[in-house]
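Each of the next two complexes has subunit A plus one more chain, namely subunit B in the first and subunit C in the second.
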Partner chain A sequence: MPGPIPDSAVTSPARPRESPLGRSVRAILRKRSSRVALVVLGVIVLVGLTAPLLAPYDPAAQPDIVGLKNQPPSLAHPFGTDPYSRDVLSRVIYGARLSLMIGVLATIVSLTIGVGYGAISGYLGGMVDSIMMRLLDALLSIPRLLLLLGVLVAWPHLSIGALVLFLGLTGWFGLSRIVRGQVLALKHAEFVTAAQALGASRRRILVRHLLPNLVSPIAVAATLGVAHVIVLEAGLSFLGIGVPQPLASWGNIIQDGADQVARLWWMSLFPGLLMVLTVMTLNILGEALRDVYERHS
Partner chain B sequence: MLGYIARRLAQAAVIVAIVASITFVLIHLAPGDPFSAVIDNPNVSEQVRQTLRAQYGLDRPLPEQFVRYVGALARGELGWSFSHDRPVSEVLGTALPNTLLLMAVALVASFGVGILIALVQVARRGSFVDHFLSGVTLLFYSMPDFWLAILTLLSLTYWIPIFPVGGAVDPVMHDYMSLGGRILDRLWHLALPALTLTLLASAAVARYQRAALLDVLPADYIRTARLKGLTEREILRRHALRNALLPIITLIGLSFPALLTGAFFIERIFAWPGMGYAVINAISTRDYPLVVGGVIIGSIMVTLGSLLADLLYAWADPRLRSH
Partner chain C sequence: MSTSGTPDVTSPLLSVRNLRTWFYTEGGVAKAVDGVSFEVGAGETVGIVGESGCGKSVTALSILRLIQPPGRIEPGSRIEFEGKDLVTLPDDEMRHIRGNRISMIFQEPMSALNPVFTVGDQVAEVVRIHEGISRKKAWDRAVETLALTGIPAPEERAKQYPHQLSGGMRQRVLIAMALIMKPALVIADEPTTALDVTIQAQILDLLVHLQKEFGTSILMITHDLGVIAETTSRVIVMYAGEIVEQASVTELFAHPHHPYTEGLMHSMPRIGHDLERLNVIPGTVPSPTNWPHGCRFRERCPYSWDLPEREHPPLYDVGPGHVSRCHLAIEPERRNHPHPPLVVQAGVGAA
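Take a look at the complex of A and B:
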């Protein structure tokens, strides 16, 4: 008795597969929390980009170091002034610019190294892979802050560029392990074998066939990575070995008021609030991205 | 099981050896000497400088210096701290128990609090309480350690003066107290740093544990328990939690770096005389050997932490225990 044809026997018509990028974007827009996070983050980024237009004062100007120092929040200075009579609101606005920029640039460095290291390790396999992974184990067991302390104390008075480089150089360990795992899993997939059969070079297989499958984990690592760097940079600046003075970063502003935390509460409260808001939105977005990625793998 | 322990121990040893090499490279990549703060002082004559270099072996070829460095590390020597005028191992040795105490209290408390929050959330999943607690844990999860420490310091010592401002004991009265009074004094000073670290750590535990519980809920044995007519509460406690506790052991190992980093900032802000306090103060005095010693000890702590977690996992998981 001929029953209905089972679904599995019917080849569904070729439908264009959604790209990982499109999937990620839609996942963010679907959830209300991540939509809100996106808008808030957008505003903060905009503030950073237009800092010179928004800031009411020059962030480095010390108009009256005697008469105007340590002023609590007022109409003229909504976030108060610091011990050098600088306007804290202007410094927080410029701090957004600097802290976000450092976060993004350092993360680009981390992603480049992390993806390269992980892909090479996973693709080559064997002895090379196990040596590279042991080295990674060691790097992963040095707490990132401690590693940075060791480096930054050895090179005092670093420029921003060097700071970004070091933040980036210490942030790729986790990602490269994920990338390696993915490459290892996909290495023997049929589409890779097919590409090999067609005579594609190792390089071409890595770049054209394996890398596009890594977009999702990279997007997650990038989002959470920026958040992590922002917190680290603030911590290092708070310890006085991060962003050099008199540049304004969120950590630097808090550091300026750290000697008299109780009296100058506005100096730690406002930059900190903005920083927490930024990191929170990045964490929400990163987790939304991770949810999609985990559901699809 | 014994083979696994041996393999894991060997791995940990290799990791520590690589960490030592990395710190050596760090020291020698840096401009000047690791002791430039002392040696490059303009008041030090060239002759004294040469003598000092020779004393510290800085005039030897690099491979020889490396062998000496590793040899000294293996004997537990971490160099000389200039700012304390004592061996680094001694400085860190006296500070370490304070850091371990802080971390241990926060570890235990944060796992208790974190698991409890996760259970409440999962029991009422999707409700307002669940969303609210998710928001709160996300907030604390996103807070920089040092900023939360400043907030707790501001609110609970200055605005509402409940706790002491800093230190491990009362600087004046401690020595005149009875034994019970001294213990109370210590606990009193420990409370705020430990509370801060607990707040930071329990947010991570709660988020992790909530996900772990939600992961096991669709499992067949949960459905069976539900069909047996168990209440949701019993299912959570006796079936879901017990199975979701295994990943918690992994989390203990993973949370070590975060706990240590958090302890560093918190010790700095509350003047808690631990390793972080010593190392961070060494930054401003450019006491490089002390900072590097801190990096090495911190890395060993993290390595031991993950080793311990792995062994605990192997012991706790009946599927692994038999091997």
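Take a look at the complex of A and C:
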């Protein structure tokens, strides 16, 4: 057979593959603020992961509730002790583990529901979409904190698993809006028609063609979502209806010293500082991701 | 109505009969395709030409049954392909036809490719949809097919994303996707419109070359008579949702009959004809929700008289394998007395 006709234009040498994921990672590494944020967050995550190795004491142990309570920071207890004579440093380290875990797991729950709900609503369209969106409007009109307070007041002794579930169940409304909008915008894109013309089924189009195009907005929402859940959990624990004692979360450590904040300053300063750092770094990373994605859409 | 004169195709691969695709919009029923019948033979290249809004793309999408609501293929329409009526075929069987027996090349190669997958993935996906073969084997087939379309270093290119390729390269990728299953029919919807001229010629050559290679039939949809002349053997001219003229390419260019076809030819720039400005057909295609009574081209036609106003013209036989939807077939002397079309007299759309 005669050879095919070569393409005359373009002949830049093949560049290395640049996936959307690779692009996001590179964009984060390019900016100094997000590089620093990544390192700081990495350290906090590492601390949480290796808590049993790092914590100098058992976070729940009350060695001497009379003689050792409310000690200010010292060499033996760098972050001081709490009113039950527990080591605050150990509690903050274990708190990192629990607070991050709750943030991530609850966000996974919200992502799953939010992406599923939004994608189905947007893709099916028509009546189904209208009904699903009106339901969402109703859910969105209830403040999340109020919803959680109601639930937690009704069941005051929820397990951590149930807490995660409720945090997740109340966190997907905004995301499903975003996903629905994107799916709606993309489902008439020519590449979707092209995929249909090549014989792809509806499910395949949704899963293979539409959702991968939503990775960036979902990643942004997830990053910011984790930060939001950490703050929410701290707020609930501070109110005494979040993580149950003797487990440590940043929120309930602060709560333990809340009635004497001025005197027992170390009890709110250290966990508070870590929480601020975590939320800040997550927000910086979320913003950086948003920048990449907005530049490319 | 004398609707004979369909060209002598021995065994039509595709036979479209009285296709009507209507859109039920709030402004009324848009009869985008309104009673179109034609055939495509095995290995044949047929062109459909017409300006925007004449219904050519809707015809193409109807064949693959990709019309989205509020559009609908009206009952009574038939699209026969390899012995099946595509209009009534169950969805899962229709999916088996798409991309496998009939495939489509889209106009805008950038937007027809998914931006977040490598082009190799996208070509391979077509094989994986239709044949349960491994990822690796599908990838190899994709690279092979990309090579056939003249993409240099196909192994490397396959690993790239659409935005990393030029327009011509991307169109080659789409061609690879359309041809990888060796379909019996490829519908090419303005395959070169988005490309610059030199690349256009290469892509057309490639299509013609691959068509011979695979024995595929092509339905070439374009507004460009140059593309038609270069690639097709038979031409269908569409206007306002219907076929207004059909003939072999040589016959059509030698003896255009319908005033609309004439207008299209005069509006082509030609070497050796210095003109101050290009001729254009005055006015625009009328609204599909309200096709004019009688001849739909009447208001833009330099020959119209009272008969076209009263009566919708049938397809007249005007030559060997040549049909035209124009009453000039029975009153040919009127061609000698052109006058400004109605739209110009009314002062609308004069150009």
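Convention: the second predicted complex is superposed on the first by the 280 of 297 C-alpha atoms of A that agree within 3 Å, B and C clash if a C-alpha of one lies under 4 Å from a C-alpha of the other, contacts with A are read in each partner's own complex, and residues count from 1 in each chain.
Here is the rule we use: a residue touches a chain if its C-beta (ideal position, glycine included) is under 8 Å from a C-beta of that chain, and two chains touch if they have at least 3 such contacts.
Since the model is a prediction, treat every value here as computed from it, not as a measurement.
**Student:** State whether A:P212 touches subunit B only (first), subunit C only (second), both chains, or neither.
**Tutor:** second
**Student:** Looking at A:R204 after the superposition, I want to know if it touches subunit B, subunit C, both of them or none. Which is it: first, second, both, neither?
**Tutor:** After superposition on chain A, A:R204 lies in contact with subunit C alone.
**Student:** Is A:Q196 touching the first partner subunit B, the second partner subunit C, both, or neither of them?
**Tutor:** So A:Q196 only meets subunit C here.
**Student:** What residues on subunit C touch subunit A, complex-wise?
**Tutor:** On the subunit C side, the touching residues are 61, 64, 66, 68, 95-100, 103-104, 106, 108, 111-118, 125-126, 129-130, 147-153, 156-157, 159-161, 164-169, 172, 174, 177-178, 198-199, 202, 205-206, 209-210, 213.
**Student:** Show me the residue ranges of subunit B that touch subunit A in the complex, using the header's touch definition.
**Tutor:** Those residues of subunit B that touch subunit A are 11, 14-15, 18-19, 22-23, 26-27, 29-31, 34, 138-139, 141-147, 150-151, 153-154, 158, 257, 260-261, 264-265, 268, 279-280, 282-284, 286, 288, 291-292, 294-295, 298-299, 302-303, 306.
**Student:** Give every residue of subunit A touching subunit B within the complex, in rising order.
**Tutor:** Within the complex, subunit A touches subunit B at residues 134-135, 137-139, 141-147, 149-151, 153-156, 227, 231, 234-235, 238-241, 254, 258, 261-262, 265, 268, 272, 275-276, 279-280, 283-284.
**Student:** Per the contact definition, I'd like the list of subunit A residues that touch subunit C in the complex.
**Tutor:** By the definition above, subunit A touches subunit C via 1-11, 14-15, 17-20, 188-191, 193-201, 204, 208-209, 212-213, 215.
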